[in-house]
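Sharing a structure, written as structure tokens. Questions coming.
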Amino acid sequence: MNRSSVEIITEWDIVAARQLGRNEAKKVGFGTVDQARITTAISELARNIYLYAGKGKIEIERVTDGEVCGIKVLASDDGPGIPDLRKVMEDGYSTSGGLGAGMPGVKRLMDEFKVISELGSGTTVTATKWLH
Amino acid sequence: MPQVVGRQYKEILKKYLESHSEEDLYVGQQFSRRFIEKEIAPEDVISIHKSALLELHPELQDEVWDSLDFLIEMMIHYGFTLRERQSLIRKQEVIQMEMNVATKVQNTLLKTESPIVEGLDVGWISEPARQMNGDYVHFLNREHESSVAVADVMGKGIPAALCMSMIKFGMDGLPGENSSPGNALSIINRIVEKSVDDSMFISMFYGKYDSKERIFSYASAGHEPAWHFNSDTETFSELDAKGLLLGVKVDSAYEERSVSMQQGDFIVMMTDGVTESRTEEGFVEMKTIQNLLVEVKDKSAREIAEYVYKSLAEIQNYKLSDDFTIVIFKKN
Amino acid sequence: MPQVVGRQYKEILKKYLESHSEEDLYVGQQFSRRFIEKEIAPEDVISIHKSALLELHPELQDEVWDSLDFLIEMMIHYGFTLRERQSLIRKQEVIQMEMNVATKVQNTLLKTESPIVEGLDVGWISEPARQMNGDYVHFLNREHESSVAVADVMGKGIPAALCMSMIKFGMDGLPGENSSPGNALSIINRIVEKSVDDSMFISMFYGKYDSKERIFSYASAGHEPAWHFNSDTETFSELDAKGLLLGVKVDSAYEERSVSMQQGDFIVMMTDGVTESRTEEGFVEMKTIQNLLVEVKDKSAREIAEYVYKSLAEIQNYKLSDDFTIVIFKKN
Amino acid sequence: MNRSSVEIITEWDIVAARQLGRNEAKKVGFGTVDQARITTAISELARNIYLYAGKGKIEIERVTDGEVCGIKVLASDDGPGIPDLRKVMEDGYSTSGGLGAGMPGVKRLMDEFKVISELGSGTTVTATKWLH
């Protein structure tokens, strides 16, 4: 199986999503530190869903690009959306507000990062890390 | 360091060492985040870790404790970077507040009013992509003549804002006899060259409508060409004139050209934020923009400007990638 | 992570575990500093540490390795703060560059020239404490009248700079019939009040010398009183007038007062950077400054201004704690 | 003895100053982390002397303020002095330039900090840490 997912409804689902991510990262061949980074990124995304969207989904996919393997994380929800994406992605803001490392943190933990958000209809984050 | 932090840490570590569960790691990370909020340095974390481990497993060899002491030493400079980050964040917050005030001052400062000249209908819109507008429009009215400068300051932020005040000074101080577009650009160029860093340039289109002669004359300092809409043929022709960007060379000369206007004709002056409107599929084509203009050619100048803005903003999902400015001079 | 880093780390750790010497800790810290320059995150350091210890002491219990894994997990968020710091530093560098350009633009923009009026000798100096000057002097010449505005913008930085452009606009736009100090302040107050944030205030002293009547009239918007030096009695009297800071209330009224000037008399207008000059022992007394003025009372206005500045800068070890501005109007 | 000092001429003297500082800090009763911080501060000051002033002195004094004990570090040299103190003390500058944590670092590691510098006649830094 190339793709697996966890529904995020309760805080325990965050732990399940982390566990799934760590297992997959280990299978792909990531070292301890990168396993921890990927797991933390998933944890942040899942926590954002749990705290601000109420419910959503974390999907994890093993990907390849030519000879390079990697892991792709998809976080999606039908929550309220992010009003000012530019501000949320700016350094210093999201963290100082107590929202946690949030989006800029996830972006830094992974290699590729994309967020699409529409007010009233939800947010989708895609983040990929490659095995260097 | 409150003792309670050490006790809690020990509990989490103990559970993890027994069960190796993901849940303990999650709890641990949430806990570490609060450490950061409380400005607990990484060297403190190692020290807390050492104390916890010492209580849980006092039987471990000396190498363990010594190696942790070494690790504390290695973390001291990291601790400094953490505190530095806090101070940089506070500084950034101050600058953000300053920018908010500056934006408000700038808006008042650069207020300009559409000219009222016989037979000419003027409409315009200028929307910033970010907080401060790097495009600038300034009108000047003199008897039967109505002039406009449309400028795009390369580089954004604070110097751009001050630069615009300078352009306004320059224009307000233009002597009547030098009000021809070519001369005006030469004079403004000299002011800009003198006062601005070499790395900062301004493109400007200067247009003047003479209501006696019904002639639109213009000059350009490396700016986007304007368009002349001919109401007879319903076609557009480009209005461009030779001239370097403002601020490059002190004695730049600016070619001046002119075109006569018939009823229903209009001139479209703009910045590259209009012509380089970008969607996910790439740039919006010039033809698309001209088609929009034709659709509303019988409306007022203001309605034309607003229609183009709204249409192009919608195509771009209301996320402008550059400041957007369009000025319409319509002969009626 | 280059393997060589891990090998070097292992060597240093090995030596430390054998000898516990301060030298190894010094070498280790120097090494950790290079880690930071290379943006090696703290979680990487723990991981390097674990690998090194594992090679040196593979016999250690499982609890040691597990506890280090836990520590890696605890450090991930710290790693994020390190990268964030890098990005904040880069941002700050950009802003510093912007400020440099902005200062240059501002200096050109706010250039003002001493008035030339019969029987009046004018001298002045304005020195910023930091990069951008928050004090502002602007002269205005009209036939036989010579006016000056001396202002101190509370709050510094970008909005202060823009604010001054605004004051300059305001003054250049003053109609001739309203050039009395009280009226001038009312008009400028209205402009400021309209365009500036409530948190930003400007104090201003407005003085006008009439060479026909030999009268100096003045008004003050919450500014430092000026001093009138009487050459007969060699004494100073304070020139103060009632009026709120600019920007507080839209319809503030400004009391206007006047004094007649005899030959050898001079008026000293200044900002609080002069009167509140600070040394390690405390504020410089008003009397001290007035004594300095008397010492050079027979010199030109420019020499008087420069003498006061140099003397007070020296007392303060050339470290101004506030922007310093002094303007002398001397009757000759 | 309340006060001891180390001349800084070679890089080895930096190590000696560190050792002296650590011993004194231990005697005063500071914990491991604070010992490391005080030692690091001394190290930075001594290194600055070694790198930029050529030679100078580190003095270490045990101090008391009422019931509170502490340790005071004095670093002095007759070197070229610091041309722009304000810039040197600003965050982000000194570190990015490779000069190391430098002055702002020392300031953060200690509780009190004062620097006096005159062009051409040298620099004196005084930094104190209290036992809380």
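Going in written order, the chains are labelled A, B, C and D, and every chain counts its residues from 1.
Rule of thumb we're sticking to: a contact is a pair of C-beta atoms (placed from the backbone, for glycine too) under 8 Å apart; a residue touches a chain by one contact, two chains touch by 3 or more.
From a predicted model like this one, the values you see are computed outputs, not experimental measurements.
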item	value
Centre-to-centre distance between chain D and chain A (centres being mean Cα positions), rounded to whole Å	44
Euclidean distance of C-alpha centroids - chain B vs chain C, Å	26
Where chain A touches two or more other chains at once, by residue number	40, 91-92, 95, 101
Contacts with 2+ other chains: residues of chain C	25, 29, 33, 73, 76-77, 81, 84, 88-89, 91-92
Contact graph of the chains (line, ring, star, complete, other)	other
Interchain contacts (touch definition) - all pairs	A-B, A-C, B-C, B-D, C-D
Touching residues (chain side chain B, partner chain C) in the complex	13, 16-17, 20, 24-25, 28-29, 31-33, 35-36, 42, 45-46, 49, 53, 56-57, 60-61, 63-64, 66-67, 70-71, 73-78, 81-82, 84-85, 88-89, 91-92, 95, 98-102, 104-109, 155, 157-159, 161-163, 165-166, 169, 191, 194-197, 199-200
Parts of chain D lying in touch with chain C, wherever the complex brings them together	14-15, 18-19, 22, 39-40, 43, 86, 91-92, 95-96, 98, 100-101
Complex contacts: residues of chain D adjacent to chain B	31-33, 36-37, 40, 91-92, 95, 101, 104-105, 108-109
Residues of chain C defined as touching chain A within the complex	43-44, 47, 50, 69, 72-73, 76-77, 79-81, 83-84, 87-88, 91
Contacting residues of chain B [partner chain A, same complex]	22-23, 25-26, 29, 33, 37, 88-89, 92-93
